[in-house]
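Common to both upcoming complexes is chain A, partnered first by chain B, then by chain C.
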Partner chain A sequence: MKRYFAVLLGILTAIGGFVDIGDLVTNAQVGARFGTSLAWVVLMGVIGICVFAEMSGRVAAVSGRATFDLVRERLGPRIGFLNLVGSMLVTLLTFIAEIGGVALALQLVSSVHHVLLVPFVAVAVWLVLWRAKFSSIENVLGLMGLALIGFAVALWQLGPDWGGLAAGLSPAEKPGAEGWATYAFFGVALFGAAMTPYEVFFFSSGGVEERWTAKDLGVMRANVLIGFPLGGVLSVAIAASAATLFLPAGVAVETLGQVGLPVAVGLGKIGLAIVVLGFFAATFGAACETGLSTGYSLAQYFGFPWGKFVRPREAAGFHLILLVVTVIAAGVLLTGVDPIMVTEVSVVFSAVALPLTYFPILVVANDPDYLGEHVNGRLANLLGVVYLLIITIASLAAIPLMVVTSMGQG
Partner chain B sequence: MGSLAERNGYDVGLHLLDRQVLGADDRPVGKVDDVELLLDDGGALVPTALLLGLPALLPRFGPRLGSGLARLHRLVREAAADQDLPLVVDFDLVEEVASDVRLSEPSPRLLHRMAHERADDPRRCRVGDLLGLAVRCAALPRHSKVLDLRMVGSPNGSGEHRVAALLVGPGRPGALLGYDRRSEPGPAAVAAVIHWLHRHARVVELGEGVEIDNEAGEVRIRAGTSLAPLRG
Partner chain C sequence: MKCSQRPAVVAVRLVASLLVLLTGCGVVSEPDATAWDQHAVQALTDAASQVATARLALEAAGDGRTWPTYTTVLVAEAEEAAGTAEEDLARLQVPPERADAAPEVLDLLGRAVDLVAEARAHAVAGTYDDRALLDALDRLSDDLRQAAP
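Right, the complex of A and B next:
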């Protein structure tokens, strides 16, 4: 049984990238506006994150060094610090949004306004980060997050015109009412979400937490090859079920409740209950992933003890960071800011963090001092270079597209 | 080429700076934020200690940003007057340099704060101060800098350690990313770009023709000193 649980790190990591609160809503919005014509971007993102997560996992397993160690070591203190600031902002903004997301998921069940729930959620998240074992976080939230498969079942039950959905996969099938700039904006947003930098921070640090060695490379690859494609499937299933229900009716998706509506229609109350549980687990899981990632990246940049595999007393600085970011998150959310809006802003900082994170991974994955015989092969290098170019283009395009399309409104 | 341990010679900036330092008990101690060098009586530059902590890290952010940050740090840590000096780990304690720097003793009570006399000793300098120094040499492009310091000796062995050569050329320290060493082939495309960017970089042996002037903040290389290309 333990062997099957070993892939839950990859699943939890992928949940934080593909179906966290911002992406749950973005996926449904994309489905409602563009049908399945952006699904190819998700596929591209899945391949990209697999390539780089595998490299970072391999470095972590063989050398015991997690991703931000590599960033500092190869880029030096200055550029490394620029990346630290950029990726901390992405991760912190997402962490804020996830705590709000957990509150939104609870609001669906309790009808209590989400701002009132925020302090309780923040305390719960912090207690989990402080007390729970890494493997329990991974197993419980990773497994519960699988409840989102309800979207795929609902899609099947909704009985869509499969031929129509398949035909809609081509970018040429973009609905005529939407402009190409908006299409490109959502494309970049989906790609950026799939490749968001805290996934590799969390995945590689998680590998160190799990004490992977060169013997565990198979487990690591299983994590990558099951986790991220599953995240991609969930992402496309949400978009496709929204496309089936909302696109013909011309309904715009704005809230988390609407995201779950196709499941309520397709599977009824039980299905909805399962999917709301999935919302809760996915946002809570993403909160743990991003919360821990802020601690991991700061600790790895400055070199002090980190992680849940050492006693909290020994990693006092790490746990202090977790406490501080949780307090900041609760404070920001109590101003009443919309959590989904917060994740959209984080795209700006991704533009800085993405290339500066993946470039050093690619360089170090070729360094025999780190990896010995496990350095990159030709395929990993070819894909790595191609994706580095795509990432750079996406990063450069992100901010102009955001301005031109007013964050996808236009 | 074998691992770092088997090689005779390494580059300080590439192989030592910014690596994770672990105690013998596997606990993280800090990063190699800087390395202290001593100009010994024979005129050789010898590494004497790893420097850890913000007082070692912040000056490496460059003259303007670095001193600003250092001032900010002193302001925050005013209570402890000695906090503007870095922590010192003697070079003898370095047991192994691989993807991390492993020390021969467990981490508690390993570190001590640098003494003021040591910090003011004119014979001592830091690698961070040497990297990025302007290089004056007729045979090199005008904006050349010190890119890295090449050492003899293996960081793991006990034998002789000293700076043997300077890597000089246009660009920024660290921008070579290890592509000057044959052992790191990297993706061919990235390697080709880096090689092209650093096509003017050269290795110059420390010796008669090379004068490091810390006061003026420059390195002067006399005309006629032999400059070797990076690879080969």
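Right, the complex of A and C next:
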């Protein structure tokens, strides 16, 4: 019974934890401009994150060591450093966006400008990172993130033309006013948002924090293969509800308030309050995950004690990194930079950094010295190689598309 | 005391002067009508989006579907974004070919800023059921979209 409860809890937190500020904003923007014609990218992204999260979770469970720890050892300090820099910068950018997202969510209920809320949010995030247990962070915020299911209910209440939404799933149904370059840019951004690098680092380091062993592989796979796809369904619901309300009205989504408006129209105040709670939980949870991920990656690369399972005094370097990145994030946001713009940039650069993150995982997951009988099978390698090709194309296309389309303006 | 300069120094100074001249020419070049059109279409599209957002926000608030701070934040952000769209276009030098069209476009954008500001004032005051304002937002949104094909 306890084991079933653990599986259920893991799946629920994986669903609630899947969506972050990048998914919220990018899916709503895409829905408002392209309807459901880019939903196939979410599907591709979800399959990709499942493939690599399963690999990194398996590495953590079998070897008892996290990704960066092994990447440096297996591929050497130079490749490890390249992997560290690329992933760290993107994760830091995402961390800034998530803290900004928490401030934006609080602004919606307080009407206090988000810049004034940033210092309080930063202190709250740092306190949670310092004091809270790993399982509390993951479970409480992950379960609260389930409030975003409100988007799926709101979509049903908005009474869309279901046939039209289904017909719009084809790329051929892209609105005529939008160019193919803009379509491709948003496709890459959506892919970057779904496969953002911190998710696998957090997942594998979390496995070490929770002391997974080979016996936990089944639970881990259930979390990944059920939780993440259901999280992807939430992403599509966000896009579809934005498409239903905003596409006919010609509204482009540029604020978090707009992201929640379809829920307000569909469900009213209570539904909106639940979804705003979901905004808070999703962004706060992701802020904790990205903050921890920066600490994990640096500490694992340089080889000093890390993690929430170690006393703060014994992992002083790890906790110092958490403090420094929180101060950096707050400092950047206090300049008045728009958190939504930071989010847009972070998802594009996530796409750029994808090969740096995922190639080493594929290599380590094929090494019998670490994984023994649990090395990648044929299917995992086939999917891994196919996805490596796709993410390389997305990575190479991201910056040219960003320049050509002026960040998706067309 | 007079000293002669080495040929390399003279050449560098000549190239530098030429670059300054060319850069200066670039700055004062004729404004491009096509580029201005693109900026105008973007500004009109952005403004139409903000006007429609204000309309949806007020309507939702009028139906009791949002709380006051949410509506105020939403409409205030729409006002700021509409203002940015207008300022970005107004800052550009109007090319001679668009001398007649530009005042109309800028006037339309100015009306959008004013109307969304009025919507924000209504949101702050909690008066969401001004039918005339909602109709005006509807009409202006249509006008902006028609002006930006």
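The rule is short, and it goes like this: the second predicted complex is superposed on the first by the 386 of 410 C-alpha atoms of A that agree within 3 Å, B and C clash if a C-alpha of one lies under 4 Å from a C-alpha of the other, contacts with A are read in each partner's own complex, and residues count from 1 in each chain.
Going forward, contacts are C-beta pairs under 8 Å (C-beta built on N, C-alpha and C of every residue); 3 or more make two chains touch, one makes a residue touch a chain.
Since the structure is predicted, the reported quantities are computational estimates derived from the model, not experimental observations.
Peer 1: Based on the superposition on chain A, does the combination of chain B and chain C result in a clash or a fit?
Peer 2: On the superposed model, which is not a single observed complex, chain B and chain C fit side by side.
Peer 1: Between chain B (first) and chain C (second), which does A:Val403 come into contact with in this model arrangement: first, second, both, or neither?
Peer 2: neither
Peer 1: Between the C-alpha centres of chain B and chain C, what angle is opened at the C-alpha centre of chain A, expressed to the nearest 10°?
Peer 2: 120
Peer 1: Kindly classify A:Arg74 by the partners it touches after superposition: chain B alone (first), chain C alone (second), both, or neither?
Peer 2: first
Peer 1: Determine, for the superposed model, which of the two partners chain B and chain C contacts more residues of chain A.
Peer 2: B
Peer 1: Taking the superposition as given, does A:Gly303 touch the first partner, chain B, the second, chain C, both, or neither?
Peer 2: Touch status of A:Gly303: first partner only.
Peer 1: If you stack the two complexes on chain A, which partner ends up touching A:Glu314: first (chain B), second (chain C), both, or neither?
Peer 2: In the superposition, A:Glu314 contacts chain B only.
Peer 1: After the superposition on A, what does A:Pro368 contact: first (chain B), second (chain C), both or neither?
Peer 2: Only chain B; A:Pro368 stays clear of chain C.
Peer 1: Would you sort A:Ala249 into first (chain B), second (chain C), both or neither based on which partner it touches?
Peer 2: In the superposed model, A:Ala249 contacts chain C only, not chain B.
Peer 1: Between chain B and chain C, what is the tightest CA to CA spacing in Å in the combined model?
Peer 2: 32
Peer 1: Considering only the contact definition stated at the top, list the common interface residues of chain A for chain B and chain C.
Peer 2: In chain A, nothing is touched by chain B and also by chain C.
Peer 1: Could you list, by residue number, the parts of chain B that touch chain A in their complex?
Peer 2: 3-4, 15, 17-21, 27-31, 33, 52, 57, 60-62, 65, 98-100, 173-174, 177-178, 183-190
Peer 1: What residues on chain A touch chain C, complex-wise?
Peer 2: Touching chain C: residues 107-111, 245, 249-252, 254-255, 257-258, 260-261, 264-265, 267-269, 272-273, 276, 409-410 of chain A.
Peer 1: Using the touch definition up top, name the residues of chain C that touch chain A in the complex.
Peer 2: 42, 45-46, 48-49, 52-53, 55-57, 60, 63-67, 69-70, 72-74, 77, 81, 141, 145
Peer 1: Which positions of chain A touch chain B when the two form their complex?
Peer 2: Touch residues, chain A against chain B: 63-65, 69, 72-81, 299-306, 310, 314, 362-363, 366-370, 372, 376, 381-382, 384-385.
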